[in-house]
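Below are structures written as structure tokens.
Each of the next two complexes has chain A plus one more chain, namely chain B in the first and chain C in the second.
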Partner chain A sequence: MSADANFQPKIVVFACENSGWLAAEHAASLGLSYPERVELIKLPCSGKIDVIYFMKALEKSDGTMIMACQQENCKFLKGNVRAAQRVRQTQNLLKEIGIEEDRVGIFYLAANMGHKFVEIVQNFYDKMRELGPNPGKVIK
Partner chain B sequence: MIIAERKPIDEILGFLSKHQKVLVLGCGGCVTVCLAGGEKEVGILGSELAMARSKEGRPLEVVQKTIERQCDFEYLEGIRHIVKDVDAILSLACGIGIQTCAEAFPDKIVWPGVNTKFLGVNLNVGVWAERCQACGQCVLDKTGGICPVARCSKSIFNGPCGGSQNGKCEVDPDTDCAWALIHDRLARLGEVDSLREIMAIKDWSFSRDGGPRKLVREDLELESGK
Partner chain C sequence: MENNTRIGVFFCNCNGKITEKVDFEPIASEVKKLPKVEYVRESQNLCAHLEGELICKEITKNQLNRIVVVGCASAKEEGFFKEVLNKAGLNSHLLSMVNLREECCAVHEKSAKSAAKALELTKMGIARANNLEEVSFGEIPVNRTVLVIGGGLAGLETALETAARGFKVILIEKEDKLGGRLARVNSIIGVDHNPADLLEEKVKAVTSNPTIDVRTNTKLGDLDGNIGGFTAWFVKDGVETSVEVGAIVAATGVQTIFCPVKYGLGIADNVIGQMKLERLLADGKDFTHKRISIVIGKGTEAFNLPFVIAVKNALLLRKKFNATVNVFYTNIKVGGDNWEKMYTDARGAGVNFFKFEDNIEIVANNGEIIVNYEDPFLKGKMPGVFKVIADYIVIPEELVPAEGTDELAKILRLELGPASFFSVDNAHILPEMTSRDGIYLVGSCQSPCFANEVEISAKTVAEEIFQKLDADQVSTELTQPYVDATKCVVCLTCYRCCPHGAITIEHGEQFKNLYFSAAQMNPLACRRCGICASECPGKAIQLPDYTDDQILVQLEAMEVLP
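Up next, the complex of A and B:
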């Protein structure tokens, strides 16, 4: 647990519009809630994610993730495979400068998984709370 | 094109350690195509540097810019107003661009952000291979369009040497023997007999032997010399 018990991480969630984004809408329709400081960004496919988006997100947040369609189930066939590769590339960059690689991740779900969406976000949020503030944050 | 690779981050952070505000300058030419120093790489490295320095508690302001080509003074002229406000420039262009940048801005420190590797080709995503050493006197006419200078590990003419094994080079089993490639290609073209002709020893005076090379084409020169 981070030193500051009141620490509320800021998280940027990139979500594929065919899965993560719809799951977020599903969660909302079920009246499920998740932490406040979570920014959702819609992408046309998880394959649209790029290292540069993760890095720019991490300049102003404590953690970032991509929500992709289930493995073998990308509408554009390989989008989620490419997304996983870019997560690894970003993790390597973070490692190079001594920042925890867990601050970036990929999670898979389907459009009708509102509960799963909230669970993923909450778990990631808790993990960031454990890690504490991103030491590399540029825009505080 | 010219192939380059980003320098290790610790080396770059070392260069920039005494600066507070730097321009990370990309090039829209070769290094964009080989994914070492284009607009996207400038953005990624810019973020990485800013985060690394934030972490150290010594913030670094990173200005990001990518110009058409760094090996042309005209394009560098267009960023003079940006350059004047930074402590130093980290250039992600090839060695030529970095030097042109330093020449254009004599009062500014210019750091190299990439290692310039070779003149080569993109074979696959993430794979590049050397093709030419700019030797100054091209012999591709005699070798079926395959360069013995750059692609034979020993740069020999009239190869292959005794170390050629099943089309591979003895220096590295992952490297094709250039002379096996030359032979096979000329055979395919029905020209293999041309290899009976002994190639003369290479005249290296067209290469680096006489020091740095310079090309002057008087037919193109304007009266002003510019």
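Up next, the complex of A and C:
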């Protein structure tokens, strides 16, 4: 549990433009809402995610994730499988340097799942609140 | 241009939808302090037509060469602004869109936190703009010969349709003659042609067409290249020859496997497969007043072909030979044009339909076939086993892809889908497409289909090829990833992981590395997923619009909060 009850984590969401990115637009059109400190970066496919993107995101934020198309339903066949591997590689690195593995994750959803988008983001946010500030953040 | 970057930032308040949640002034004053930002403007509604012209003028007047639009970022608006850039003489890829409406205003209340987010998103967009690169168009020479593999109805139709659109066609068939499965079928529903006549007509049209080169006893041995520029190696009598083709259509069809053991039967003259029945009917065998049982079930339910054929032939046997026809089924699938009617007609004509679950036993006894059957509906009222005696029993064959389909799939670098048929790219969008552009599927090779469907597929594919390869040179935007040869160690990782087979290894002095070789992505085959770029161990690959720099600077522009 985080010591500071007012802690508001910052989260970087890498979003596949065929699923997560559109789901965020869908959430907006449904008038849903989620915490402010969640920021999206668009990728053409979840398979474009790179360990370096996650690591850089964790220099700046408390948690990061990739949003991918549903399993077995990637527009590019295997992108989401490769993304899951990237997440595992990043988790291994985090473990080595003593940062919680849960600060990086992969979530699957479809373009028309605005509600699911908000649920994923909110749950992840709550989890980061529990974990507390990321010790790896580089505060200049 | 790099030292001379001049960024223009255009805010759109989307008719108030944005400004009701965030104030632009504080953002604008922050943004103006950023290096290279030369121009900032706010508008009521940027995507209005007159605004487009105004933006054009401002771009020219202020010599802007990177444009940031802060408003919404949906695909439609992006298209609009890209056009504006084009009109202003700027490359349309020098545009960075910031999605303030959906990512901030629509989902957050007005507050200090949402104001901070709005500023940060804007800064990220500007940072990305700083790193944008132009993407040019290229003229790609393409080969306008189409290779059709398989000389069944599907292959014949495709050859005729593509030839009619001005392509040269090479049709290869592994057997010594054309025709495929349909040559052995007695009748085709939905087509008022006798199959033999239909085939003869098609074969004649194909063999007499000077632009169609038919090669029998020929198989594909190997394949290299991509859409517009494939090299195919044919094998005939152990001899290899190579040809250059621009597109490939697989039309290798199905094969049927007769398996009476599954029904507890052995091989006997009165145990007939559906395909065999077609043959017998075509050859004029007499079934007058015979008792015939037809069974469908036991795993043949995957496709609707066996159902429809069973109903078709039940009706025919009943009407033509006044036979006693009993159909035992687990399920009847007759979803298609007029098939439901055919089923009702069969019932009307006196064909009996019996539903069974697992409770069916078939025994051959002295030239008769006895079906012991328990009715699931009458079980409570009239318990016991019914005995139905017949002179013949008709069972469906297993429908499997043509022999060698897995081998062919490896050569074409395609995946196999359900039941090992060729896998379609997206069953809902274009069932004839594969994961590789330039390679298409027609007919039963993707799943057993009917003659009338073949014609539609063949036309669709011919039209698709026509659109892709409409001239000897096609102009295309070079949005495929590019490779820094000095970093490429020719490890083949990208070649193996590209889901669309769009990568080849090229050789030449221009590739400045130890091997004088590098991976190259084909602009016509690449679908811009970026998987290769993130898999390359040497970080040699960059995907335009999503280069590592363009992504990392966005993260760099973020503020770190405790």
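One rule holds in what follows: the second predicted complex is superposed on the first by the 138 of 140 C-alpha atoms of A that agree within 3 Å, B and C clash if a C-alpha of one lies under 4 Å from a C-alpha of the other, contacts with A are read in each partner's own complex, and residues count from 1 in each chain.
Basically, contacts are C-beta pairs under 8 Å (C-beta built on N, C-alpha and C of every residue); 3 or more make two chains touch, one makes a residue touch a chain.
Fair warning: this is a prediction, and the values are worked out from it, not measured in the lab.
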- request: Give one of first, second, both or neither to describe whether A:P135 is in contact with chain B, with chain C, with both, or with none.
  value: first
- prompt: Which partner, once the models are overlaid, touches more of chain A's residues, chain C or chain B?
  reply: C
- prompt: Between chain B (first) and chain C (second), which does A:K56 come into contact with in this model arrangement: first, second, both, or neither?
  reply: both
Query: In the superposed arrangement, which partner chain does A:A5 touch: chain B (first), chain C (second), both, or neither?
result: neither
- prompt: Looking at the overlay, what does A:A28 touch: chain B (first), chain C (second), both, or neither?
  reply: second
- prompt: Does the superposition put A:R86 against chain B (first), chain C (second), both, or neither?
  reply: second
- request: Considering only touches as defined above, state whether A:I99 meets chain B (first), chain C (second), both or neither.
  value: first
- prompt: Do chain B and chain C touch any of the same residues on chain A, and if so, which?
  reply: 50, 52, 56, 59, 137-138
- request: Enumerate the contact residues on chain A facing chain B in the complex.
  value: 50-52, 55-56, 58-59, 93, 96-99, 135-138
Query: Quick one: in the complex, what on chain C touches chain A?
result: 74, 99, 101-104, 106-109, 111, 113-114, 116-117, 120-121, 124, 415, 435, 497, 499-500, 527-531, 533-535, 543, 545-546, 548, 551-552, 554-556, 558-562
- request: Using the touch definition up top, name the residues of chain B that touch chain A in the complex.
  value: 9-10, 40, 43-44, 47-48, 50-52, 54-55, 59
- line: Per the touch rule above, chain A residues touching chain C in the complex are 8, 10, 12, 24-25, 27-29, 31-34, 36-37, 39-41, 43-45, 47-50, 52-53, 56-57, 59-61, 75-79, 82, 86, 133, 137-140
